[in-house]
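Here chain A shows up in two complexes: once beside chain B, once beside chain C.
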Partner chain A sequence: MTTSRAMTAVLSVGETRRPVLGHAALAVLGVVCIFPIYWLYATSFRAPEDIYSLSPFPWPLSGANYATAFQVLDIGGLLLNTTVMAVGIALGQLLTGLLAGYAFAAWEFRGKQLLYLVFVATWLVPFQVTMIPNYALLSQLGVLNTIAGVVLPSLCSALGVILLRQHMQGFPTELLEAARLDGRGSWATLWTVVVPNLRPALAALGILLFVNAWNEYFWPALVLQRSNAVLQLGLRSFMGSEGNDWGPMMATAGMACLPVLLLYLVLQKQIVNGFVRSGLK
Partner chain B sequence: MLATLAPHEAPPIVDATAVRSPRPRRVGALVPYLYLLPGLALLAVWVYRPLTQTFQISFVSWNLLPTSPARPVGLANYERLFTLPDFGSALGRTAVLILGLLPFTIVVPVVVGLLARRVRGRAATVYQGLVFAPLLVAPVAGAAVWQWLLDPRSGAVNQILGTTVNWLQEPGPAQLAIIVITGWHVLGFAVLVVAAGLAGITDDYAEAAALDGATRGQITRWITLPMLSPTLVFLLLMTVLLAAQWSFPLIDTLTHGGPAGATTNVYYLLWDYGFHSFDAGLGAAAGVIFFLGFGVIAGGLVWLSEKVSIHDN
Partner chain C sequence: MSRIQIEGLTRRFGQVTAVDHVGIDIPDGDFLVLLGPSGCGKSTLLRMIAGLTPPSDGRILLDGRDITHIPPRDRDLAMVFQSYALYPHLTVARNIGFPLRARRRPRTEIDSRVETVTRVLGLGELLTRRPRELSGGQRQRVALARALVRDPGAFLLDEPLSNLDATLRTATRAELTELHRRLGSTFVHVTHDQVEAMTMATRIAVLNRGRLEQVGTPSEVYDAPATTFVAGFIGSPAMGLLSARLDLVDGGLYARAEGVDLPVGPGDPEDGARQVLVGVRAEHLALVAPSTAPLRGVVRLVENLGSEEVAHCLVGEARLTVRGPRPLGLAAGDSVGLTTDPEHVHLFDPGSGRRLVRTPTPVTAVQS
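== the complex of A and B ==
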């Protein structure tokens, strides 16, 4: 109790008209949060002989670490594989979510609540609980160590279904009704009326799913144990317990983050809103 | 008490859905099921089938090789699990991890959120952009840069602090490092969730209370925080359910559960049983226990969140 009193006393100071403390708190937090990312890129651009330098600005700039990374790893191939994986997963989840969301938003049918629960409940089943049977099935299908093996089990996500259902419930019924009176079937209505009108929402959700898929670690680590065919796993080859080659390691890490961070630079608001409204998986 | 004055509007963590209106009904009765089919089929194959199989495997002894037969052993895996010291200690370490993350997912975000309530405009966007960025860093890339920062000889952390701690090779520091790195990843997200929650609280009650002579401290304690409670329960739920998942990539790349098992939490233990010891039965039994345990905890927290919402109404 006393601690909460003390805390609220401190807090109240900030709620003045000119929120100096607020700016200070956010600025400190911002610097703390961004520093490791800055340090990652700063190290990656240092000349190899300056790697251990603690000067805040890398100078002279050097691309040597990137050159080494490209020699050691097939960065182009890894980037391509990672992109194929993330795009495949995002598109799959978008499509299954679109179809299921359409069913939930446009019809009343028996078992609707129960079936919705079937989708939502998957949120409670962590990968680690289902990994052994799934690994065995992928092995039977002969897709271990392939990108397909990573994509297949991830083609449907509760997140996609839940968010698209919400978007479609806000969709004006008159438009659906008009399309029906036009004699269009539900399939044609979905693609000619619903999808074009939901384009911004679909794009925002697609980016969210892409970012999630790009940063997914557990499943690729399991399925691609031998081939290490995506960037995050390739990066691990620099991470021994002894004798790390920090420069190329930071260069590779920088490239593994770059596509998502670039997207973030352009679409900060959409990405932040997407995560804050939907939560994390 | 002032709290009774405060009708509550839940913060928009999830889109408020539009009021449902009647939909066309006379389409063939099977049609909606056909649209659900792809998603349901995928979930059946990749979530519910393996979940049932995990239950089955938890009663057999099997080394994961397709050629070797699985031998039924009844409850032996569960008995073994509860007698092994690993299990209890992994649970304990998961609790430590969750408690250690609460400052990052609740305490700091609430303090900063309250301090920064009146920070608006372009400055706010810039701060947001900075604090949120770590969430978007690929986990292995985050692990890589922290391994570099924490390097005992030349890492920035030891040099700045003037210490010589071997962060990832000693049990205590390694646990702390995993908590801090995980916290760094999710802190900005939590800050923005709290900010969104605070933005959803109307100023009317605070103003009314201020007119009645309430101090700022009283307003924060008895109006703002209670109205924020659904957001806080949401963050608590995420922390409890996902802490072990968030830290998994870091543990797998930085410490491999060590040193001496000091960073082995429940999910890392499952991974270890399944794919290092190749003891599928034991791994499955542990998976079943964790799944049920977390299910109960999640149910409890959802119940709690409904209770706080009603209480504030």
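== the complex of A and C ==
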């Protein structure tokens, strides 16, 4: 009895030390990641005269920066525009990715490998190369200065196609065959068998695409010449030749981050699942 | 209800011919087992019947109707997959109802059919569970229920027992046989397990390297294997085969080789001096004194199976196994003498591997 107890003790010391070190390292990393975001919100809540203060806690709390931001910008309208744009792009890319990924993973057709390579290759083409032709095309279509103009060229992303094809290749073929025998066509199989089982992957990819679209700055700036169309462009209003107006800028940036953070909180479980699974495959 | 005729069915994958001109006529109500080692083409054959793999050549007829190019869902066939292929996101009830929903049957009909099938298979308490919450045996039943619910013309089963543990497999074997008896439908069952084939089948089709070796009832396949492959594949331990030359002595044929002088029955003069492969099953060999025995050899290994013992013997260069109640009284290294009845001796052509059939001699006394 004594021996076994002693051994348990020895084991537990050895086994606890490693997790403690690991947790410490992770905690440091966590702080490094969170600090800039914390500083952003801290700065946004400082009184305008304390804006350059280095005290870690913004005290007294002040909402003045938010008030200024709301005065200068139509925050509600910007939020709406940005949401429409980001949701439109994310949904479009998800849908095209789903359809193309399904075709590449579940169908056999001539030239499949070549077509897929072409898809992958578009991923390697830098944005700057397609920027001008896209702009010219939008101009001809008469959709410059509109949200539709921002969304339209971004409706298909090679990233979505590649990731979803990868997920669907791991999908059991027997399930697709069972659905075929059970009387489902290819289209119905996609929606009643594949999509419900790919929910974690779709959620994770959806978030990724949404965040990408939400944070997009350059392309909207090019298409929407009016500065007040989306939040990321609204931030420009606080940059001036005689210096930046940090307080309201941080307040606006803080509000720009909120939807993404909220989305993450709501879908956290699915996102983690999706990334873990894609990692395992 | 459903007769399946397969005519000259062939499937090539590049250079490899997975199924090579297979023809089987499966009458309505048959329980046909496609049996063979892995890679023999049995699953490919089943998938071609199901419509999941298009054949390179040949025809499939269902009740006389050519279904070779008909999509799977219009074939009136249901399949149970080796992995069961249950939809992970649906409950048991919705899994079972899936084929009916896909065919847009009325809600009330779906509910009543699902109810009936789950009662028959004893799945009533599992209806709200999801596949991952079920044991292997339960999953297997749900897969079977999903096939049953459509009331198809025939059932295709792709190694449905291979993922079950030994006890459950034996029980499920009996249940499947009972189900087949009760439904009277046509079953096509793929397996590499000869015990499954022998116990469940009304007929067995043995496949090897994409070719059909033999179709017959379990007793036919066991008692009169058409080829050396079937002889070696069915039966445990496998039938021993030894190379010998036939000699005709006074109207009786003798198989002769080193350590072998075995009477194999009456014969014709043209059979004399012919090279053959002689096969005898382990249970048909009896021990006799080595000095005068028709088969003389050395014991290499004795296996204890509990109720019986199996002795592996070397006769000339061939391995023969003898089986009998324990103890056999043999030990490794012993000289051994074996004998058997001529009626239990199987003869095969060494070139083609095909069974040599004794035609009745013209001078048989039976006619008079």
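By definition in this document, the second predicted complex is superposed on the first by the 220 of 281 C-alpha atoms of A that agree within 3 Å, B and C clash if a C-alpha of one lies under 4 Å from a C-alpha of the other, contacts with A are read in each partner's own complex, and residues count from 1 in each chain.
The working rule: a residue touches a chain if its C-beta (ideal position, glycine included) is under 8 Å from a C-beta of that chain, and two chains touch if they have at least 3 such contacts.
A quick note: this is a predicted structure, and the numbers were derived from the prediction, not measured.
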- request: Check the residue A:161 against both partner chains and state whether it touches chain B (first), chain C (second), both, or neither.
  value: first
Field: chain B versus chain C as contact partner of A:145, first or second or both or neither
entry: neither
Message: In the overlaid three-chain picture, which partner chain does A:193 touch, first (chain B) or second (chain C), both, or neither?
response: second
Message: One more residue to check, A:34. First (chain B), second (chain C), both or neither?
response: first
Task: Could you tell me if A:180 is touching chain B, chain C, both of them or neither one (first, second, both, neither)?
output: both
Query: For chain A, what residues appear in both contact lists, the one with chain B and the one with chain C?
result: 177, 180
Field: chain A residues touching chain B - in the complex, by the definition given at the top
entry: 4-5, 7-17, 19, 21-23, 25-27, 29-31, 33-34, 36-37, 39-40, 43, 52, 54, 95-97, 99-100, 102-109, 112, 115, 118-119, 122, 124-126, 128-137, 139-140, 152-156, 161-163, 166-167, 169-170, 173, 176-177, 180, 186, 211, 214-215, 217-218, 221-222, 231-233, 235-236, 238-239, 244, 246, 249-250, 252-254, 256-257, 260-261, 264, 268-269, 271-272, 275-281
Field: Of chain C, residues touching chain A in the complex
entry: 50-52, 71-73, 77-79, 81-83, 85, 87-90, 98-99, 102-103, 146, 150
Message: Going by the contact rule set out above, which residues of chain B touch chain A in the complex?
response: 12-15, 17-18, 20-25, 27, 29, 31-33, 35-36, 38-40, 42-43, 45-51, 53-54, 57, 64, 66, 108, 111-112, 114-119, 123-149, 151, 154, 156, 159, 184, 186-189, 191-193, 196, 215-221, 225, 234, 238, 241-242, 245-246, 248-249, 252-253, 267, 270-271, 274-275, 280, 283-284, 287-288, 290-291, 294-295, 298
Message: Under the stated contact criterion, what part of chain A meets chain C in this complex?
response: 172, 174-175, 177-184, 188, 192-193, 196-197, 199
